[in-house]
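So, here's a batch of structures to check.
After this come two complexes, each holding subunit A, first together with subunit B and then together with subunit C.
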Partner chain A sequence: MIRYLGSWILAGLILSGVGLSAQEDMSLIPAGSYTPFIKGITEEVEVEGFLLDKYAVTNADFLEFVKANPDWSPENVKSLFADSGYLTHWPVNYLNDKDLESNMEPVVNVSWFAANAYCKWKGKRLPTLHEWEYAALALPKNDSDSAALTRINSDWYSRKTAVHAKVGSTYENQYGVWDMYGLVWEWVDNFNTVISNEDSRNNEDAPQGLFCGSASLNASDASDYVAFIRFAYRGSLKANYTTRKMGFRCAKTIK
Partner chain B sequence: MKTKNFFYIIILLLAVSGYSCTEQQPERTIVDAEQEVKGHVRAVLTDAPQVPPRITNKSNTKVIVELEVIEKQMRLADGVEYTFWTFGGQVPGKFIRVRQGDLVEFHLHNHPDNMLPHNIDLHAVTGPGGGAEASLIAPGKSAQFSFRALNQGLYVYHCATAPVGMHIANGMYGLILVEPLEGLPPVDHEFYVMQGEFYTSGSYGEKGHQDFDMQKAIDEHPDYVVMNGAVGASSGENAMMVQVGETVRLFMGNGGPNLVSSFHAIGEIFDKVYVEGGSLINHDVQTTLIPAGGSAIVEFKCEVPGTLHLVDHSIFRAFNKGALAQIKVVGDENHNVYTGKEKEEVYLPEGSAIQTISQNKTQKSTKPIAEKSFEERMEAGESLYKQNCMACHMDHGNGIAGTFPPLVNSDFLQARDDKGIGIILNGLQGEITVKGTNYNNIMPAVSLSDDQVASILTYIHNKFENDGGLVKAADVDSWRKQQ
Partner chain C sequence: MKSITFLLFALILSFSACKEQAAEKNSCCSTKPAMAQKTSGGMPETSLYQLNQQWKNQNGEPVQLSDFKGSPVVMTMIFTHCEYACPMMVNDLKMVEDQFTEKHQNVKFVLISFDHERDTPDRLLEYAKTQQLGENWVLLHGHAGKVKELAMVLDISYEQLENGAFAHANKKFVLNAQGELVFSQEGLQTKAEPVLKALNKLL
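Our next item is the complex of A and B:
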């Protein structure tokens, strides 16, 4: 607790130096540590303090990016960087679409490469896997029920929450960050580090896969099945993939 | 036709060099994967209880299988919805039929609207993960891999994406049959039945959309154990139909995820069981054990008319959790095989001294619920009747003569001042006369709320040509208070 407090004060000093107003759209995630879901990393992982977007990037945000960076338009994007699903939910005439200009739903059908480029354009970066997971562990504001997050996730998996919802429509966590669970899947910088190689189950000593037998060996907490699902999801991705339920938000290092 | 088949079999036996066979069963063979594969076909896939046609191709063929993963909300029981994860849109998944020696080119598609990544582990595959590694795909993606069907048998396939148990518990399983080289002997009917259990946030029969409950799954305490994906999926109006004298082959699987099935057909003896879906054949079997992630092929001839109940003979699963499917056999009686009811005393195997009926054990609802309208009572009553009463009093309220009294136009019911409330709340025991027939049996008390009792009775009084009227929850409440 004292450590957290220290981090807050430190971060506060730093922030006041750079000017808080510049970061209104981001929340400070104080330094700390957490035990990742995956075994093999047996110890707690330290996460330094960082800034995280309060909201997932919206269609309106991403339209601005595409306008400023025509290389990332649906017509021009290289298949190496985004598959054929890239921004397919946008209207054909997206450049002149007033609805899209103000669309506050999270952008989906974007590849890791596109998400990465967007964050760079904003002077930010994608959060690391540990940063994202750590920030997402925070309970909803005014909620002390530790089962709340599992409930939000399982409602989402069983499609009880709206398919098309705006950012800021699910819940705000104790860092002031919205919709970490229950709105869209989100890209992280190193999304595929945990199970980067599907063939690694063949290695006798180090089964890495998250399915079948090795799943039971690798999970640090078998009951945390919602995290299990998230890691499996990331494991099914490649950096040029786009899916209808995956978006992203950006992070920033505190300097 | 039969001589033609026989002719083919002879040709086949001659054609397969190095293939020996005994009089009873062909010697077990694993196909040489170096054998040539000729031509290709697209696999015919079917939903339970249907089975794809027998394979007539007598050479090794490339079989192309296209299977789509679809996450969708469907009925689990009357008034109960569940978000199933499916192979092909139904639970169990599509039935796949190939022949030993075939090269299977497998295409797995993950629908773009799905939430989750999926893959497939086919137990018929000789190879790492049964194809799981090769087929892990994000929504909106397809994967392709090929395998040689080396061993004959009836195999389970299932999703093996983390968390594996949850994917199976949500319905991701099905069967693939690898027919032996010589083909399975012809029968009149082939059906596909698969058992699986569901772990829901609410208890059995609780209305509305139910979530998956991980804790119940870990504890292995399912609320539903069902045949073919839902309560009543293959019974009542959806029962499988055959004629007297016909032979039936059941491809029976158990998706689990946890329970082992004590598979039994009430009113039949399995003439033949391919134990665990393999090549060992057992005869004259009453109940065959089907492990989770395993199967059995059973065969029998339907000698007499009636309804066969396919159950998990771990019997509370059948009568209280839904593990029941039906085959209706129609045709002429054969009294040399079975006489039907002969006029005799009813014998209660367990005896009344053992099965006691305690007074006022039923629970009283504490939450006040608004009185329902007549229409609401009839609607709620129908599904409650199916869940609680139909097993004995039957679908149309006719009961079973001599054993379970009819509810249709029941003089016994209409003569009661309590409209039947007391029967449901306390049960009924001993000799009664209904429409001129004597019954001496036991009905246990049924644990229901005032509201539920009122709906069931309103349904019975109106649906089954009785005296009509509306039974209110308040009537039930005041009856309880009088006791």
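Our next item is the complex of A and C:
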């Protein structure tokens, strides 16, 4: 805990200094390090401080984006960039749908390309895998029980049906970021990164080491089954895939 | 009356469908036609050339992927500081080229660099010379965001390592004249025949 103290103080300083001009819809994630679930090695990964959206992008947010960027409408989007599931949960007449205009549920059925384009449009970017995982490690606000996240995750993963819930309805973490777990899965910039430590000679498309015994011995925390699922799931995605459970939020580099 | 309204409606429908998707065979009813038949900007929707990106070739000239439209392309992603995998990859492609005959004269080899920092056009030109790559080889340099998008389209996973090198999947692709992926091969020291076969189907 001590080693986090420095970054908390720093974060406080930055927040009180430049924080006033920082966007209110984003939280500062202070610099630090974490050990990814699988790296093939046990080294910690350093993460620089960055800004992260407090909430996942909602249907209402995304509707604005589509209105401003007709290339990303369900009719116009190219299959290279989004599969046929793209925004299929929207009503046909989405342009004039009052409910959608104010819908605060996280947008799903969006591809990586669409998420990437949205964040660019906002002057932001998608968080990297390490940024996302690092920010998600923060415990719920006012909760010092380190098992709290595991509980949230296990409850979430064992739910059989997708629950339609608004952003900001699960839990807020210590950085002030909501719903990192419990609402939707989220795209990250480099979801298809080479996670295992194999060199380029024999690495395969998907991190295959993830699925066999040898690599799981390298897992930094073998009990972290939920992280295992998350990493494995990412490896199965392609950038034009859309699913009913996958949304996103944006990040920003601190200048 | 009912049937007249219906006819009118059908007419309007078919008219607007023709206007928007002239090249499409099956434009009757669905707002989301079958993928293979969907076109946009005169190109199939699944064409890589839908990526509207600017690159620079080894001569420092601006290049768009769609500039390769009209001829088959063999494509891969590399970086020139790569000591092991990429030279092998380039070698694999040279083996393909070695078996070319007259009919293959329009085939282009397009190598895109992962390394947006070090692989400047100058560096790529130097690499092309050392590797003795001919005129039909194009090496492309572009910013990190473009590299990422292209790698996403090609489903090539990669990661920059701390020493500046890139861990990456080794894949070769054949694109048809429209920029659609028609063949991919994974691995190193692969056989040339499957690539040639894919190319020959296009010629």
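Throughout what follows, the second predicted complex is superposed on the first by the 210 of 255 C-alpha atoms of A that agree within 3 Å, B and C clash if a C-alpha of one lies under 4 Å from a C-alpha of the other, contacts with A are read in each partner's own complex, and residues count from 1 in each chain.
Keep in mind that, in the parts below, contacts are C-beta pairs under 8 Å (C-beta built on N, C-alpha and C of every residue); 3 or more make two chains touch, one makes a residue touch a chain.
Keep in mind it's a predicted model, so treat the numbers as computed, not measured.
J.: Of the partners subunit B and subunit C, which touch A:N192 in the superposed model: first, second, both, neither?
T.: Only subunit C is touched by A:N192; subunit B is not.
J.: So, does A:W90 touch the first partner subunit B, the second partner subunit C, both, or neither?
T.: neither
J.: Touching A:S154 in the superposition: subunit B (first), subunit C (second), both, neither?
T.: It touches subunit B, and subunit C stays clear.
J.: Once the structures are superposed on A, label A:S236 by its partner contacts, choosing first (subunit B), second (subunit C), both or neither.
T.: Only subunit B; A:S236 stays clear of subunit C.
J.: Looking at A:F248, would you say it contacts subunit B, subunit C, both, or neither? Reply first, second, both or neither.
T.: A:F248: touches no partner chain.
J.: Touch test for A:F65: subunit B only (first), subunit C only (second), both, or neither?
T.: Neither partner.
J.: Following superposition on chain A, which residues of subunit A contact subunit B and also contact subunit C?
T.: 198-199, 201
J.: Show me the residue ranges of subunit B that touch subunit A in the complex, using the header's touch definition.
T.: So the residues of subunit B in touch with subunit A come to 71, 73, 83, 112-113, 115-117, 119, 121, 128-129, 132-133, 136-141, 160-164, 166, 209, 211-212, 214-215, 218.
J.: Taking the touch rule as given, give the residues of subunit A at its contact with subunit B in the complex, in rising order.
T.: Touch list, subunit A to subunit B: 85, 154-160, 198-199, 201-202, 209-212, 215, 219, 222-223, 225, 228-229, 231-233, 235-237, 241-245.
J.: So in the complex, the part of subunit A that touches subunit C is made up of which residues?
T.: Contacts found on subunit A: 74-76, 78-81, 84, 112-113, 116, 189-190, 192-195, 198-201, 203-207, 238-240.
J.: Can you list the residues on subunit C that touch subunit A in the complex?
T.: 31-32, 35, 38, 40, 45-48, 50-51, 82, 84-85, 148-149, 151-153, 155-159, 165-171, 186, 188
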